[in-house]
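Right after this note come the structures.
Both complexes shown next keep chain A, but they swap its partner, so chain B is in the first and chain C is in the second.
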Partner chain A sequence: MSINDLFNKPLKVINAGLLSFREDLDQLGVDAIQLQWKPPVDVDSKAIEKIASNRDRTDAANARALNIVLEGKPMLTGLDVAEKVIPRMRKNLILHSGPPIAWDRMCGPTRGAVIGALIYEGMAGTVEEAKKLASSGEVEFAPCHEHSAVGPMAGIVSASMPVFIVENEAHGNVAFCTLNEGLGKVLRYGAYAPEVIQRLKWMEEGLYPVLRSAVERLGKVDLKNIIAQALHMGDEVHNRNRAANSLFYRTVAPAVVETAPNKEAAVSVLDFINGNDHFFLNLSMPAAKCCLDAARNIPCSSLVLVMARNGTDFGVQLAGTGDKWFTGEALVPDALFFPGYTKADANPDIGDSSVTETVGLGGFAIAASPAIVQFVGGTAEDAFQYTMDMYEITAGENNVYQIPYLNFRGTPTGIDVRKVIEKNITPFIDTGVAHKNPGVGQVGAGVLSAPMEPFRKAFEGLARAMS
Partner chain B sequence: MVLKGVTKRGVYYDSVTLMIVSKRINEMEGVTDSSVVMGTRENKAILKAAGLLVPEFSPATDTDLLISIKAGSEDVAARAVEEAETLLGEVTKKQGRQSASAPRSWTQAMEQLEGANLALVSIAGRYAAAEARKALEQGLHVMLFSDNVSIEEEVVLKSYAKSKGLLMMGPDCGTAIINGVPLAFGNVAGRGHIGIVAASGTGLQETSSIISNHGAGISQAIGTGGRDVKKEVGGMMFIEALKALNNDEDTHCILLISKPPDNEVLEKIAVEIRRVKKPVVAIFIGGNLEQVRRSGAIPVADLEEAALVATNISRGEDVQIVKEKLTERENEISVLAEKLSTGRKGRFVRGLFSGGTLCDEAQLLLKGAAGYVWSNTPLHDDYRLKDPWKSKGHTVIDMGEDAFTTGRPHPMIDFSLRNKRIGEEAADKEVAVILFDVVLGHGAHLSPADELVPAIREATAAAPGLLFVCSVTGTDGDPQNRRNVIQQLENAGVVVMRSNSAAAMLTGKIIQNIAR
Partner chain C sequence: MSINDLFNKPLKVINAGLLSFREDLDQLGVDAIQLQWKPPVDVDSKAIEKIASNRDRTDAANARALNIVLEGKPMLTGLDVAEKVIPRMRKNLILHSGPPIAWDRMCGPTRGAVIGALIYEGMAGTVEEAKKLASSGEVEFAPCHEHSAVGPMAGIVSASMPVFIVENEAHGNVAFCTLNEGLGKVLRYGAYAPEVIQRLKWMEEGLYPVLRSAVERLGKVDLKNIIAQALHMGDEVHNRNRAANSLFYRTVAPAVVETAPNKEAAVSVLDFINGNDHFFLNLSMPAAKCCLDAARNIPCSSLVLVMARNGTDFGVQLAGTGDKWFTGEALVPDALFFPGYTKADANPDIGDSSVTETVGLGGFAIAASPAIVQFVGGTAEDAFQYTMDMYEITAGENNVYQIPYLNFRGTPTGIDVRKVIEKNITPFIDTGVAHKNPGVGQVGAGVLSAPMEPFRKAFEGLARAMS
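After this line comes the complex of A and B, so read on.
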């Protein structure tokens, strides 16, 4: 290249800064576009230096971590009861979504779900008893993520709940997730009315044994394959799971019919799966989780392995910082609300389902899902731009999950916290919205950009881990 | 009196946009003071000093917008906030012309604008070097308008650009004309065969305008930023630009403009000049002509002469014609000075400039008549004004310097400080002449005479013997139209000279005549 090249071609300008300069160029008929520039995040300058001086090491560590994530082979291999399979699970332990939190700081929906779980477990007879027990210290709480599990919304897992077992065949690690209850008044949105508990009981006694036998019959179900196909069919497997659910249904239906004790049992199970478009969410989540967990503890890696919210805090974990949580205040999503509800009713962002975005699905793959663009401003162009923005903060592109609209380009995968800080762009997340009070349930669905605070802390934490 | 503060989280607007909004809000009835700024530490300090800081602002960061209103009533304050939001909304709409597709990174921008070849960077200085670097990495030539970029960063950027064969104009490069397009604060000059390399913004504007006004034209006018010819930077881009113009077929004559370079740097430039096969005209404002002559370039004494000599050469005319024109200029000035010296009351000149190089040139040309003059950017350090807000004796100030521009737009855009100063100088009975510049072009105020004339008329009414002398840098192709601006100023009784050089020379002669 030489300066003289510039003289011999029409001038085409990218303007970063004063808008008036671009307007002048417009007037002069010069091709010019405006860069939507934002200042980088205000982080400790020593951390910036430290991270910069380790650039090559981090690049190499990220390449390794991303490769592990992309290699992951999530297989549904069975179902069992939480207490029997989840590591360190016990009767008086309740798992919840997001980073660690004590009862007194828990948001409404999480409290509601804890109350429901204690009643479901028979540890409390009434709501009042449940509240008392929950605050007594006799019941312990821990994040799902610290027990190889994930849970949508409140993410409550108690000892006798049935869970999916998803194995990462490439690395041998396992992830767990409860079965999805459906929409509306459900435990994960903080509801605990008798019908909520009844449904949970039916899931334990009716759904679980039938599905367990069916999966046993199949041996295993390849979840990566289903997700990859679903992306071609308009899902992003977070807020839309209709295609994935249909594929899953098609896969298990013959085995359900074959192994169910009677016709009624088979029909009720198949009807339940068919009638709940989000049934597959509780499979896309552990599928993502087991791929990400395999890349833990890679020194210097700035790859985000956990993004999770408990309705109060938003927590992040990195491949290069072990089990350390970096947290910040969870924000209230922009949402479309069910009739009768407004943003004033909404609880701050909640749930482990952002594990899908962490692995390159959900909001990161929203350009693959035109059917849900009403959540993001209404045009396919908006959805496209959100996905394009996520390429700015990811370490690479997915080798299996693709976006048809982008000529089958791989989804943006592997959030690099360095890029989040430098470009001042936070991950874009699809989400459901819970009522802020316990006992109410879901009030809407929408999207949000993650808060910067946990990423800023994670960036500084990574710098500390390097020294 | 109420003070109302509103924070808008996670939004970002450039400083000029915000200053325009602030100005409109301040003009609202019932609003005593207001500020619309990003929540940087510096801005919060400014708000605090102005009594506009509210406790709610303390957690705000660089990407939070702060609206602060001091007003007579709660009602007015609320309306002012609403108005600010409306004005900002309009800006967002304008930005949003490309809406969802607006690029958020250089890579995205490169994908969207196929064949992009130049980045114009004017974001806040502390972020500017990093963004310029990213633009260079994309293979873009860069014009870095921002100042407050360290000289170390400048060296790194320019070394990198040089290694990639890219042009790195600036930091603090206010103007350039590339392929006929005026960039940032540029004038609409005709295209032609004179190539300019300038480590001086208004020097470039003045010469390119004069060349154009004389019917010749510019092939390329490259700004380097004023520090390029300092020892640390070593004239890196000055020399690269000179080489590029030497290789450019459309350039027949090269004009170099700068303050006197560091000696080592001058030697390097001289080596390069000797290699150039085309005529090179050079002006090192305040330097000595012998240095230039030794470098192999044609020496000239002032900016107008530089433009005239370059015009002459590019046209292939006889050198004699320039000499005649300069003699003619001298005679004109003498006659005019004689006429204007009578009836003056005071004896001092007060120069109020918006262009840094024009201010330097005026000081130089006044030196013969008035000796060193007081300034905030003096020729000799002994003559530095302790307080740039107060003139004494003969004073010539650059109002584009930091003391006058922190937290407010440049005097080429916002005339309020200069108008205020005109009033102050007029109140000083010892002042005979107010000398000033008016710089036109893209980026500058669209109707400068409308701003200046009322202040001049008021000053003339208060001090009937006071004389106003100025020049207008620009062309009739500029959005303001030079001819119209001159007409308006002359109607207000201002003596408008053909160049900054001529205006300063005339003023010098008048001062001399008065002293006699």
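After this line comes the complex of A and C, so read on.
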């Protein structure tokens, strides 16, 4: 049928757009039926107009922002103590995951981790003392994200904790993250028992100096290279890090052996990294963070640079809206729960680890890692579909991070808040699940779609920021 | 349409089987067209009758054989020197890959590797002396496969070489394999330059004692577990071993550090394993071999237990035909050649590494490892298709080795020579490519389908063996 034939025949129209368009057709006497479809998100109409009228400017700004993100070259260049390297870090400041939050609104696991950190720092002797101090106003709280840092789950960083220093060689900015403690009863899931504090002390005194010397010996470790390979090896470097951790281990092991004070110190560090594949998560996160931070403050850009949860609120920041947070209620993930626990025990979604999704990894790359979906009862096809959905809301495809089973297609990268609103699809996120009460720890792992609220607010905030 | 409707209407038939069936339809006046299809292999008709009349016995024998193969538990239990552990190994015996072959019919790379081995053993001082000795009749040659061993490419094993000892814990039998030398100019590709001999000496004096002590410390290393994980991480453990080698490295590194005589010895061993991902190939091969050997001598079984090439002949052994070899001409693989080389430089297919395909890995599991197909210009879909084709000729599916992107379906395992003949599909094999001349080394890597000839002969041999 040629294009002319189309116009010479009676039209039969299936209208999948706004109902008002169908009404026009009805008035013209054209035979039309209305397709049932997901309505767009209920957004302020002035914001829609403003964003629409700036389409070309935003497209250009997003292209620039995405290019900066994709150009990022995250390198592990060293380790140091938080207080010495994190900007404006100090003894009475505790960093946490997600958007800003005060003690009185903090969820159980975050409170638990704050309690643990105050005991670890020697600022409190007991849990009761720690609670009192935390609520006294003498301790300040701030988001990791506002201090060039990221933290998984509760994301607590205190002054004495050792941190990885990850430098974005393409832009010169850095990001920080603590060292991963392992699974089970750990601070980041809100546990603060003596064993938790003891492990943190060993990490400070046993793990940190050895690993610091090893990285010093190596000069730097190319994290982008490791992550790219890991995606070819079944990881999405959020909930699955087995390949990335293996490659990291192989890279640092000889330097650990060479620089450790003795055989026992070397073996204990190697055993610790070998015993916990999530060790690499605390490297994939700052690797993502430093690439995203380089694209901050690009006027009109609708690219999402931060998605982070404090266990109460889910917060979003855009390239085009500076340091402003847009927040909404954090949801409880669908999860596989450890024996003895149910969804009723679960805290809402928590942690800065969604920084991996923000850079095109994690849930966005889950087609590279179907084992994660299988874990919560899904199939390999489900994993494909989740990734395919994310192409719908991203500005482009990754130039380095690829999915073998999509014939090495680049992962969906650079969330465009306009597409989130227009298509009514929110980012898909892999996550761990913390018990909602302080002091318990991890109760499961799972997946979820982000809430729409913060993206709606970000969309409207971007419109307001447009001159 | 109900089944009754089918018989009340005129039939339109597409005949995809034997032409004689269409001729019957023609006589009945039924409208039929003939589908073009691959004709079955030209096999002796008496053999076909014999095999057909024993179908149930063969099915039962294959079920038993496959079960033995799948039950196999390959464990690395130690290292030793070939002469001390390989049955009937002695100073003047050299083992090679593939079916039996005399010096005068050996291909270039096998001759090159024999020359290198004689120099390495101190039995010859020069290349000329080695050639003279090799052709004198004073040196005996035998297939690795006949000595519970396997060798990649030329597969040369001489008396002083250190070997891995892999025990099948389910059945008590063992298999042996030398240690992988790395890439480039190496003995297994037919190179024998001084650097090649020097590396073999270091492997004997530097690598072997350290690794032996480390494995002694560990007791044993579960190879089946590592291989199963590696398939979830993009390996097929024939041409790609990056994940398996990483997991092996993590397993042995602390023991290497603990047992090595000093830091330098430990680091040199770790660097060597880290520098060559094919290091694990020489473990995946004996792991496969010891599982397959346990299923030998099961009367009437048409299961293939050996596929091996000596660079001249491609040889096959069946569970139902004892130690008899069935051979045919080895083919030249489709390959990606290193710069400066073409297919004209390539030696025909060589090595025992097709033992991996025989146990359901390598080319049979290539859907788990699409990067290999991409390497030779194919797509992820091609990789799927190769594996799907192998389900057509196998007796079952693996119970442990799985393919994530087939929703964790078990790999096609246990080649049934009846299906190979009936469907005219030969096994798909990943392989390295050696230069056809001695002394050169590797020139590429690629894939190929096995020749039909040895399978046709094996089919006829099985018929003869049936009482």
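Operating definition for what follows: the second predicted complex is superposed on the first by the 427 of 467 C-alpha atoms of A that agree within 3 Å, B and C clash if a C-alpha of one lies under 4 Å from a C-alpha of the other, contacts with A are read in each partner's own complex, and residues count from 1 in each chain.
FYI, a contact is a pair of C-beta atoms (placed from the backbone, for glycine too) under 8 Å apart; a residue touches a chain by one contact, two chains touch by 3 or more.
As the structure is a prediction and not an experimental result, all values here were calculated from the model.
Colleague: Touching A:424, do we find chain B (first), chain C (second), both, or neither?
Modeller: Only chain B; A:424 stays clear of chain C.
Colleague: In the overlay, work out which of chain B or chain C sits against more residues of chain A.
Modeller: Result: the larger residue contact count on chain A belongs to B.
Colleague: Using the touch definition from the top, say if A:389 reaches chain B (first), chain C (second), both or neither.
Modeller: first
Colleague: Once chain A of both complexes is superposed, is A:234 in touch with chain B (first), chain C (second), both, or neither?
Modeller: Touch partner of A:234: chain C, not chain B.
Colleague: Looking at A:347 after the superposition, I want to know if it touches chain B, chain C, both of them or none. Which is it: first, second, both, neither?
Modeller: neither
Colleague: Is A:263 contacted by the first partner chain B, the second partner chain C, both or neither?
Modeller: It touches chain C, and chain B stays clear.
Colleague: Counting only touches as set out at the top, which of chain B and chain C does A:42 meet: first, second, both, neither?
Modeller: The first partner, chain B, only.
Colleague: Tell me which partner A:381 touches in the superposition: chain B (first), chain C (second), both or neither.
Modeller: Both partners.
Colleague: Where on chain A do the contacts with chain B and the contacts with chain C coincide?
Modeller: In the superposed arrangement, which is not itself an observed complex, chain A uses residues 379, 381 for both chain B and chain C.
Colleague: Residue numbers of chain B touching chain A in their complex, please.
Modeller: Touching chain A: residues 12, 14-17, 38, 61-63, 91, 94-95, 98-110, 112-124, 127, 130-131, 135, 139-141, 145-146, 164-167, 178-179, 181-184, 219-220, 240-241, 243-244, 247-248, 250, 442-443, 479 of chain B.
Colleague: Can you list the chain A residues touching chain B in their complex?
Modeller: The touching residues are 1-7, 9-21, 23-25, 27-28, 30-40, 42, 377, 379, 381-382, 384-385, 388-389, 392, 423-425.
Colleague: Any idea which chain C residues touch chain A in the complex?
Modeller: Counting only chain C, the residues touching chain A are 229, 232-234, 242-243, 246-247, 249-250, 253-254, 257-258, 263, 266-267, 270-271, 274, 370-371, 374, 379-381, 404-408.
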